[in-house]
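What follows is subunit A paired twice: with subunit B in the first complex and subunit C in the second.
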Partner chain A sequence: MDLFLQQLINGLALGSLYALFGLGFGIVFATLGILNAAHGTYASWAAIIALAAVERLNLPFIPALLAGIFGGGLLALVVDQVAFQPLRRRAGGGMISALITSIAAWIILDSLAGTATGHQSLSFPRDSYPDTIFFVGGIPLPAIQIITVLSMLVVTVSLHLLIRRSRFGSAMRAVGWNQTAASLGGVNPRYVVVITAFLAGATSGFAGVLGGISTNNVSFHLGEGLMLKGFAAVVVGGYDDVRGTAVAGVALGVLEVMTAQYLSSGLRDGITYALLLGFLLLRPRGLFGSAGFSRA
Partner chain B sequence: MQPLVDFWNAYRSTLTFALVNSFFALSTYAVLSVGILSFATVTFAAFGGFLGVRLVLQTGIDPLLALPAAAAAGALLSYVIALIFLRLESHWMALASLALILITRVLIINVPGTGGVNGLSVPVTLPFFMFALVLLVAIIIFWRLSASWYGIAARAVREDAAVASTLGIAPRRIQTVAFVISGAVGGLGGMLLALALQYLSPDTYFVNIAFTMIAAVVLGGSYHWAGAIIGAAVFTALPVIAQAIIPEFQDVANGVVLLLIMIFLPRGLIDPRAIRLHFAARKAVAQAPRDATSPAAGGAP
Partner chain C sequence: MQKWQKQISCQVAVALFTLGMQVGPASAQGLAPGEYKVGFITENTGAIASAGQSFWNGAQLAAEDVKAKKYLGDASIVLDPKESASDAARSIQAMNQFIADRSIIATTCCVLSPVAGALKPIVVGAKIPLVIFGATASGLPQPPWIYSMTILPGPKDIATAVKVADALKPKTAAYILAADNDAFKGRMAATQKTMEGKGVATAGVVSVLTKDTDFTGAATQAMGLKPDVILIYATQQAAAGAITALRDRGYKQTIVGNDVLSPAAMFQKMGPTVVGVPFPVSFSASIADTPEAKAFVSSYETKFKVQPDIYSAQGYQVVWFIAQGLKSISGAPTRESLATALSKITNIDHQVYGGQQIKDGQAETAGTLVVNWSADGKLVPWTPAK
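Take a look at the complex of A and B:
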């Protein structure tokens, strides 16, 4: 029973990482209509920046975390303006052009990340983050896992409120639906796009820094792993609803850990991808997605 | 003569991979030419490749005889995939094919006979001219297809499926045919890749092939089969050239080139429409009176 509870907590923490990453990925997909292959690299770079802030500048945990998040956001903003903005001015093209420029950005950022880390897997020094382990009824509860789960909850709630309750959120949804119509309604699409890209990069960067700490792995592989699972979380949850992404991400994390523990570690990734394919085939709008939401 | 021999020795493997990548690009082009973005080529290649290699290992037949088997395996799988996937809307279909690649890798690791995570070494290969010959056959087939009724119907379906169906073309059937062609060529490419690498692992057929091949096709031009081959060649040569000029940043150079081409040449290097417009414009210039500086002449976008 202890083992089960412990694995449940591990699953929740892992799933929160997937969810946090997926939130950023999902906003870009729903609002900007871009399947962004470069999104994983934002997470890798955020972790690298946070690590550099810790090692080179001797910053404490919170400022280093913020530096990573800000770096991820800034990177997303630059990529958006360099790789996607030129395509928006032309009619047509649509998803394929943006996918290909995002692949280009992915190749560039991935290889630069490889150079930055010396093609090794680095890790945060032990004393650079809260590494206390609480014990609740004999079950170990590392502080970083608690931070991960709480961060995910806070970010999900704030993003949900931002998108559904604020004026800026209405503008985001309007731009996601139709940019021309949105600008007729007095929304500046360029401004909305830039802020959205920054938010998406920052959210995924957050996941990158926390993931880099809890998996002891800061390299370009970090973003790749988060990317595939975050993508699954977005699709399973329904990509126009952040709550769906959060629930699906956590569920996938728990499922993976439990599969590895009780069935076979070889099927760990399989279960996520099987769910992903199953949802795409049978219920493409996901668990929480609204009916009829489609992007032509 | 000596420089030629040196060039051949230095770049033979690059040329081989350019030929192999042409198959993946052609496979991607086959579905793109009916307006479908699908990454499933990688799955067809994996199926054809592992099946062909197992066949060679098990029975010891000539690898040349395993090629048709790999193509048939790819075609069969693609037919099944087409039946399931074509019901989906276009962008869901693209995502589903991406999910299919991820599952393929898990299957390769878990199914016996594929070598699992350790991979599978392939003790046979083919001489270079065989790769070229097989590609030539594929090119002839694509060339004849593009001028056939199927080719015309495919263009109609790509431009507008609804209009195509009012012309008596069944879009779903054309798309199924496109998938089967894509599967056959993809399976063939998978087997050829196995023979070129002489080693297979679960990572041999993964997302990177899918992404680079889509990029290669769009780079070369997705409106003509030659675009796929040019794109594959450029995409194979780029890393080698970048390696020679700026070794430390070769991947970065690839990415930058891809980005620039996509932004400035969105219809790719080979664009039948631009070529037709170019000739039309020249004809217009030739026919126009000498004194009239007709604006139509320079009007080719």
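Take a look at the complex of A and C:
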């Protein structure tokens, strides 16, 4: 039973990372209509920036984390305005143009991240983050796992409230449905796009920094792993509801860890993608997605 | 002119002619002067770029050393790099370009065994020498065309496990294995058999994948088997991740690593979590004791501002091995004559291991040094923790 509980905690923490990353990926897709292949690089770069803040500027954990989050958001904003904004100006650019552009951005940012890290896998110094292990009933609970789960919960609730209960959230949803109609309704689409891109990058950056710490891996590969799992979380949870992404992300993490423990590690990714395929075929709007959402 | 003067003149002329005849062939017996190009498939980008850069650095330094020491007289080796990012398709493309370029006298490549395996039939068919610098699968060498300067880790893994078993007398062992890597599977199976032969029961094998980044589940699973010792058979990042996850979860018993932990970058990355973990090593900058090894370490540090690791050493030896083959050739070498010359080498003249032989195209070093990282970042001989 102890083993099961320990693996459950491991799965919750891993799934929280997927969820956190998926939240940013999802709001970009729902609001800006972009399947952004470069989204993983925001996580990689956020971790690199946070690590640089720790090692070069000797910043403690919280300021370094904030630097990484801000860096991820800023990078997403720059990419959006440089790569995607010109496409929006041209009518009929469509999702394929944006996808191809995002692949180009992904390759460029990935290469730069490789250069920045010397193509090495780096890691945060152990004294730069909370590394205490709490024992609850004999079960070890590393502090970073607790921080990851709590962060995911806070970000999910905050984003849900922002999107569903605020004027800005209404504007985001309006722009997501139809930018022209939103403009006619008094919404400034450019403003909404800029803030949404920043929020998405910052959220992914949050996942990147926490992922870099918990996996001891700060490299240009960091975002790649999160990218596919985050995408799966968005598809399974539903494109237009952050609660669905959070639930699906956590479920994927738990499923992954339990599959490795009780079936085979070789089946772990296979089960994740079988689930993804199943939802795409049988319930394309996901667990929580609204039936009228058209991008699936 | 007196008769005796004529005789002396004739004798001197004959002597000078004979001397000239002897001097002439003597100079022709050496390698013809010139620059000999070696095609180097680099892996300086991609997933294993950190190791790839070390191989490339070592090879560059060796080419400079060969020239500076005039080992080949007025001849020298020039490296012609083409990047593959450890991708098999790009490696094949690069190799085909080298084959087409007749100025390329030999080639070198490959960290990954599947990539080396893919190139094997191509180079044998094209009859161009290939010296492998990093791939560890057995069966890759095929003289006279293919040689491997990789120090095969399998026997050294077994020696390490035996040393740990003899010192600690564990009753059970668990293994964390990169299940998608055939080389590690073979290495683990051989060690497991030896350990079981010494009475160390297998508590279980926990599989991970090379591209995994999260090892919390695998560490929990391995600890759940309650083994006396955990042995890691995985690539660099996976091994680092598994060891860190074990230590993060409070595992205090012995973890046995492998040669992937030897580069200094691994200590910088892992810090205290890797301290005390035993692993085998064939070359280490901090325990280099021969003049050649010390000179190599010194030159490498001067040129690259970092310490050389085992990969640097293997890259270095590749070029010296080719140089030794070239040195034994008279006149202008061809790919065929170089292949024949390489096949005759049994001992590497200039090496950094304190002894290196070639057997059936495979480089070997004698003995195994079992070391661990100390708290101050030095490789020291491993002794059981008290």
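Everything below uses one rule, namely that the second predicted complex is superposed on the first by the 294 of 296 C-alpha atoms of A that agree within 3 Å, B and C clash if a C-alpha of one lies under 4 Å from a C-alpha of the other, contacts with A are read in each partner's own complex, and residues count from 1 in each chain.
Basically, a contact is a pair of C-beta atoms (placed from the backbone, for glycine too) under 8 Å apart; a residue touches a chain by one contact, two chains touch by 3 or more.
Values in this document were obtained by computation on a predicted structure and should not be read as measured data.
In the superposition on chain A, A:R90 contacts subunit B only, with no contact to subunit C. Contacts of A:L57 after superposition: neither subunit B nor subunit C is touched. By the document's definition of touching, both partners, subunit B and subunit C, reach A:G266. In the superposed model, A:Q7 lies in contact with subunit C only, and not with subunit B. In the superposed model, A:P142 makes contact with subunit C only, not with subunit B.
When the two complexes are overlaid on their common chain A, residue A:V235 makes contact with subunit B while staying clear of subunit C. Contacts of A:Q120 after superposition: subunit C is touched, whereas subunit B is not reached.
Shared-chain residue A:T215: touches subunit C; no touch with subunit B.
Once both structures are placed on chain A, subunit A residues 111, 114, 266, 269 are touched by subunit B and, in the other complex, by subunit C.
Partner subunit C is touched in their complex by these residues of subunit A: 2-3, 6-7, 10-11, 13-14, 17, 111, 114, 118-123, 125-126, 131, 133, 140, 142, 145, 211, 214-217, 221-222, 225, 256-257, 260-261, 264-266, 268-269. Across the interface of their complex, subunit B is touched by residues 35, 37, 82-83, 86-87, 90, 93, 95-97, 99-101, 103-108, 110-112, 114-115, 228, 231-232, 235, 266-267, 269-270, 273-274, 276-277, 280-281, 284, 294-295 of subunit A. Of all the residues in subunit B, the ones that touch subunit A in their complex are 37, 84-85, 88-89, 91-92, 94-96, 98-100, 102-103, 105-107, 109-110, 211-212, 214-215, 218-219, 248-252, 254-256, 258-259, 262-263, 266. On the side of subunit C, the complex with subunit A involves touching residues 44-47, 49-50, 52-53, 179-180, 206-209, 211, 213-218, 220-221, 224, 236-237, 240-241, 244, 248-250, 265, 269-273.
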